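In what follows, a structure is listed as C-alpha cells, so that the remarks can point back to it.
Per-chain residue numbering starts at 1, and chain names A, B and C are given in the order in which the chains are listed.
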Amino acid sequence: MKWITWMVLAVGVWGLVGGCKDKGQRGSSSEILIGEFASMTGATATFGQSSHEGLMLAVEQVNEKGGVLGKKVKVISEDNRSDANEAVTAVQKLISRDRVVAVIGEVASKRSLAGGGVCQQYKIPMLSPASTNPTVTQVGDYIFRICFTDDFQGGVCAKFAEKRGWKKVAIFTDVANDYSKGLTAGFKDGYQGTIVADESFREGDNDFKAQLTKIKATGPDAVFLPGYYTDVVKVVKQARQLELNVPFFGGDGWDSPTTLAAGAVMDGCFYTDHYSPDDPRPAVREFIAAYQKKYARTPDAMAILGYDAGMVMMDAIKRAGKSEPAAIRDALAATKGFPGASGTITIDEKRNARKPAFVLELKGGKTHIADTIEPG
Amino acid sequence: MKDDGSRSRGWSVPAWGVNCALVVLVAGMWPLDWVLVEQMDEYYLRVLILVGLNVILATSLNLINGITGQFSLGHAGFMAIGAYATGSLMKYFSPTGAGAEAALLALLIVGGLVAAVAGLLVGIPTLRLRGDYLAIATLGFGEIIYTLIVTTDRIGPFEIGSSSGLHAIPIRTSFFWAYAGAIVCVASIWRLSYSAKGLAFRAVREDEIAAAAMGIDTTYYKVLAFVIGAFFAGVAGGLYATYDGNLAPESFRFTKSIELVVMVVLGGSGSITGVVVAAAVLTYLPEQLRFFAEWRMVIYSLALILMMLLRPEGLLGGRELLRWRRVAAATTVGGDAVQSGR
Amino acid sequence: MDYLTQQLINGLSIGATYALIALGYTMVYGVLRLINFAHGEVYMMGAVVAYWIAIGIAPWGWPVWGALAVIFGGAMGACAVLGFAIEFFAYRPLRNKPRLVVLITAIGVSLLLQNLAQTRYVFGPTPEAFPAVIEAKTVVRWTMGGPDNVVTVSNLDLLSLGLSLGLMGVLAWVVLRTRQGLALRAVSYRFDTSSLMGINTNRTISFTFMLGSALAAVAGVVDAIRYDVRPLMGLMPGLKAFVAAVLGGIGSIPGAFVGGLVIGLIETLVKGYLSSAYSDAVAFVVLIVILLVRPSGILGRYEAEKL
C-alpha cells in the first residue's frame, strides 16, 4: 500500500514544480494565441459547440489568407462543463498558463460574468459572442460583446407586438435561463398592452401542455416565447395540438436549422434576429457556404455569432498592429461598421454591439423579413 | 489523537499539544499564502484553493456517508445554502477595511449555521429512511434547493439572483482562508471520529439495530452527523462564494453532489485521510484531462467505473494514511453492507 | 370542466411514459435491491437508437405501421442488449459488494452513457427532432360547454397510453404466467433461497434487466417521437420515474404503473393550478412526504426489518 503514498507525493511535487509563475512576455510567441472558453459538454453543450465551430471556421479562413500581422492565429479552447466555477478555472488557465492575448467566450451570461471578472483583473480583452445580459459588459472596460442586449431585443419584440396590434399577450418564459428572463423583462418594460398570462418552464422540460392549456384559457392574441430553439419547436407543436392557434414570437434564440426544419407547424410565428438566412449580403452567403462545406450542417445563431466574434477579434488585432492586450482592447473599442455575417457591427461606448434587428416571419420552413428595427 | 478504540501505541501527544500544533499550522498558512501569491502561477493556485474547498466538502460528507453510514446525495444543497447565505450577506454589507476579515469569518460561520439548520431539517427524515431511500430523498432535497434558488430573486433586502446567478460578491477568500477552513474541518472531524462519540457514529454505520440495543441514541447521532456535515459544507460554500465572487445555481446541482460522493467512496468511506487525498486527486485530475476536450468526462466516468470494479473499497479502504498496519475496527467498510438479496 | 379534463389527459399522457420507465426500476429493485441509476440513460439510448433507425429507413418510404414496428423493435432489442451489458460488466462483478459501491458504479455508468451520447460519434449535443414517421394529429375532439371550450386527444397521447397499458398487460402475463416470470418472482421474494431451489439467479437477473430496459426503450421512443431526442433527456424522467416507483411501492409491478400515472397527474395539475416554476420540485416533495408517511408506497408490501 506504500505505493499510494509515493504516487500522491509524486503528483504533488509535479504539480508544484509545474506551478511556478511564468513571467514571460505575453504575445511574444510565434503564433497569436487566442483563448476560448465554451460549454463543450454539460447541459448547454449544444450552444458551446456551435459557437466553437463558428470560431474555428473564422480562424481557419484567416490563417489560409496568411494569418494576422504575418503570424498564424491559434485558438486554445477550454471546456467549462456548462458550469460557472469551471469557467473561471478555464479562463484562469488560458490567461496565466497559455498566455493568451485575448479571450472569446461565453454563450451564457452567467459564465461570461464569471470569466469576465478574471479577464478584467488581468486586463485581457474578452469578446462574448452571445451573452445578452446587460451586466456582462459592465464588468469592466475589457469586456465586449457582438450580440444584442436583452433589453434591446425585448423592446424590439414589444414594439413589434404593438405594430401588429396584439392587445393581449401571454408570456411563456424559461425560468432557469437568464437570457429568457432578460427578454421577458425587456418586453414587459416596453409593452403597453395587457399581459394576460405569465407562465414559465425550465430548459430541458419536455411537456408544456399543462401551461399551454392554462394560457389558452386566457385567450391571448399572441404568445411571447423567449426561449432557445431546443424548446421552441416543441412548445409550438404542443400548442397546435391543443388548438392554441395564435402566433408565437421570440428572440434570436429561435434561430436554428431545427426551427426551419419543423416546417409548416411554425407558420405565422415571428422572431427577431441579427440577420436573415436569405440575406443576399456576400458576408452571409460566404459564411453559410463555408460552414456547410466544413461541417456538413446549416449554422445556427450561435455558430454565426462565434464566427463573427472570431472575425471581429482578429480584425481588431490587425488594426491594433501588435498582439498586446491593451492595444487589442483599444482596437476592439474602435470597431466601426465591421461587415460581419450577423450584421454590420459597431461597438458603442458601453462596449456593446449596435446592429439593426430583423423581425423574421416563418413560413413553410423559410423565413422572410417582416420588419427591421434600428437600435434606438 | 486517540485511535479508534483499540489499544494505544505506546506514545501519545497530549491534547494541548495537538491544539497548539493546529494553531501553529493554521497560522503557518498566512506566510505560505504570501509566498504562493508571489511565486505560484495563478491557475495552479486556483486549483490548489479549489482542492482546499473540496477537501472541506468531501471530509464533511465523509462524516455523514463514510463514518455514520448514511447515504446523502444532497451535499451540494448544503453547500448552496451556505454559499448563498454568505454571498448574499457579504454583498449586502460589503465590509471593507480592517474589519473585513473579521466580517468574513463571522459571515462564513453564519453561512455554516444556516446550512446546519437545513441539515437538521434533512436529518429528521433520516429517522424513517435508510439506504437507497435516504439517497433519493436527499437527492430530492438538493433539487428542491436548486429550484428554490433558481426561482427566487431576493429574500427581503438580500439578493439571491435567481437563474442569472449572484454576481459581484466582494472577493475575500484567499489561500489562507481556504486552508485554514480545511485544517479546522479535517481536524474537527478527525477528533470527533476517533473519540467516544466517533465510536457511536461507527456503531450506527455497522448495525443500527445492534447499536440501539447497546443504548446508543441512533437518531441523535444520525441527525448530529447531518448537522455537522451540513455546517462545514455551508462554510465551504461561503468560502467559494467569496473566492469567485460569482454564484450560479447550476453549480450546486446533482452533479456536484455526485462528485463529492465519488470522492468519499474513492478515498475509502470512513477514512479521513483517504478522502482528503481523493478530494485532491479528483480536483486535480480533471484539470490534467483538459487535453482530451469533450472526451474528458467520458474518461472520467470510465475511470470511476473501473475504480469501483477493481478496488471497490476505495484507495485506502477505511484505513488512515499514517496508520498502515492497523486495520480499522470496521469489518464491512463502505457503509451499508447488506448484500444483494436478504 | 374542459380545462380540468384537458389537464387530466395531459397528465395521463406523460404519466404513461413515467410508468414504463418506473417498471424497469421496480423490477430491478425487486431482484437486486439496487437503484439502477443508469436506467434513465437506457431510456435515452432507446430514443437515440430509434432516431438512427428512423433516419436509416426513411429513404425506403415504408408504411407507418411497418416503420413504427421496426423502430420500436430495434430500439427495444438494442436496449435489451445494453441492459444486459450494463448488468454483466458493471454490476455482476460487484454482486457481493456493499450496495453503496454498486450504486456508485451505476452512477458511473449513467455518466458514461450521458457523455458518450454527447459526442458526435454517438449522437452529439444538439437536440434533434425525430424524423417525421408519424404526424401528431387530433383524433378525439369534443366541446364542453361553449364552442371554444375544446378538449383534444392526439394520436400521440393514445400511442403513449395504449403502449403503456398494452405492455403492462404483456408484462403481467410474463411475470405471472411464464416459468421465467416465476423465477423472477422467486428471486425477488428470497434471493438466496431461490438459488438453493435451483433457480439460475444470474440468468434471472439478466432477464430482468433486459425486460426493464426494453420497456424503458419504448418510453424513450414515444418521448422521442412526441418531443425530441437529446443526450440529457434521461435525467429528469429517470428521477421522476424512480419517484413513481417508490410512490407505488418499490418492488411492486402494478404499483410502479399506478405511481407513474399519479406522478404525471400531480405534475400536470401543479403546473395547471399552482405555479409552473416549481413543478420539478413537486415530484420530490411528494417523494419525501410518501417516504415519511407511508414508506411502503401505495401498493407496496411492508417488509419487517430482520435481525
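Please note the rule applied: contacts are C-beta pairs under 8 Å (C-beta built on N, C-alpha and C of every residue); 3 or more make two chains touch, one makes a residue touch a chain.
It should be emphasised that the depicted structure is a prediction, and the values quoted were computed from it without experimental measurement.
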{"item": "Partner chains shared by chain A and chain B (touch criterion as defined above)", "value": "C"}
{"item": "Comparison of A-C and B-C (more C-beta pairs in contact)", "value": "B-C"}
{"item": "Distance between chain centroids, defined by C-alpha means - chain A, chain C (Å)", "value": "35"}
{"item": "Interchain centroid distance [CA atoms averaged], chain B/chain C, Å", "value": "34"}
{"item": "Junction residues of chain C, two or more chains touched", "value": "115, 118, 235, 277, 280"}
{"item": "In chain A, residues with contacts to at least two other chains", "value": "41, 43, 45, 49, 175, 202"}
{"item": "Sites on chain B at which at least two other chains make contact", "value": "151, 294, 297"}
{"item": "Partner chain B, residues of chain A touching it in the complex", "value": "1-2, 4-5, 8, 11-12, 15-16, 18-22, 40-41, 43, 45, 49, 77-79, 81-85, 88-89, 92-93, 95-97, 109-111, 113-114, 117, 133, 135, 175-178, 181-182, 202"}
{"item": "Partner chain C, residues of chain B touching it in the complex", "value": "65, 71, 125, 128-129, 131-133, 135-137, 139-141, 143-144, 147-148, 151, 209, 254, 258, 261-262, 265, 269, 294-295, 297-298, 300-302, 304-305, 308-309, 312-313, 332-342"}
{"item": "Interfacial residue positions of chain C with respect to chain A in the complex", "value": "3, 6-7, 10-11, 13-14, 115, 118, 124-129, 136, 138, 148, 150, 152, 154, 156, 223, 227-228, 230-233, 235-237, 267-269, 271-272, 275-277, 279-280"}
{"item": "Chain C residues touching chain B - in the complex, by the definition given at the top", "value": "29, 32-35, 90, 93-101, 103-105, 107-109, 111-112, 115-116, 118-119, 187, 190-192, 201, 235, 239, 242-243, 246, 277-278, 280-281, 283-285, 287-288, 291-292, 295, 305-307"}
{"item": "Sites on chain A touched by chain C in the complex", "value": "41, 43, 45-46, 48-50, 175, 199-202, 204-207, 209-211, 213-214, 217, 219, 230, 233-234, 237, 241-243, 258, 261-262"}
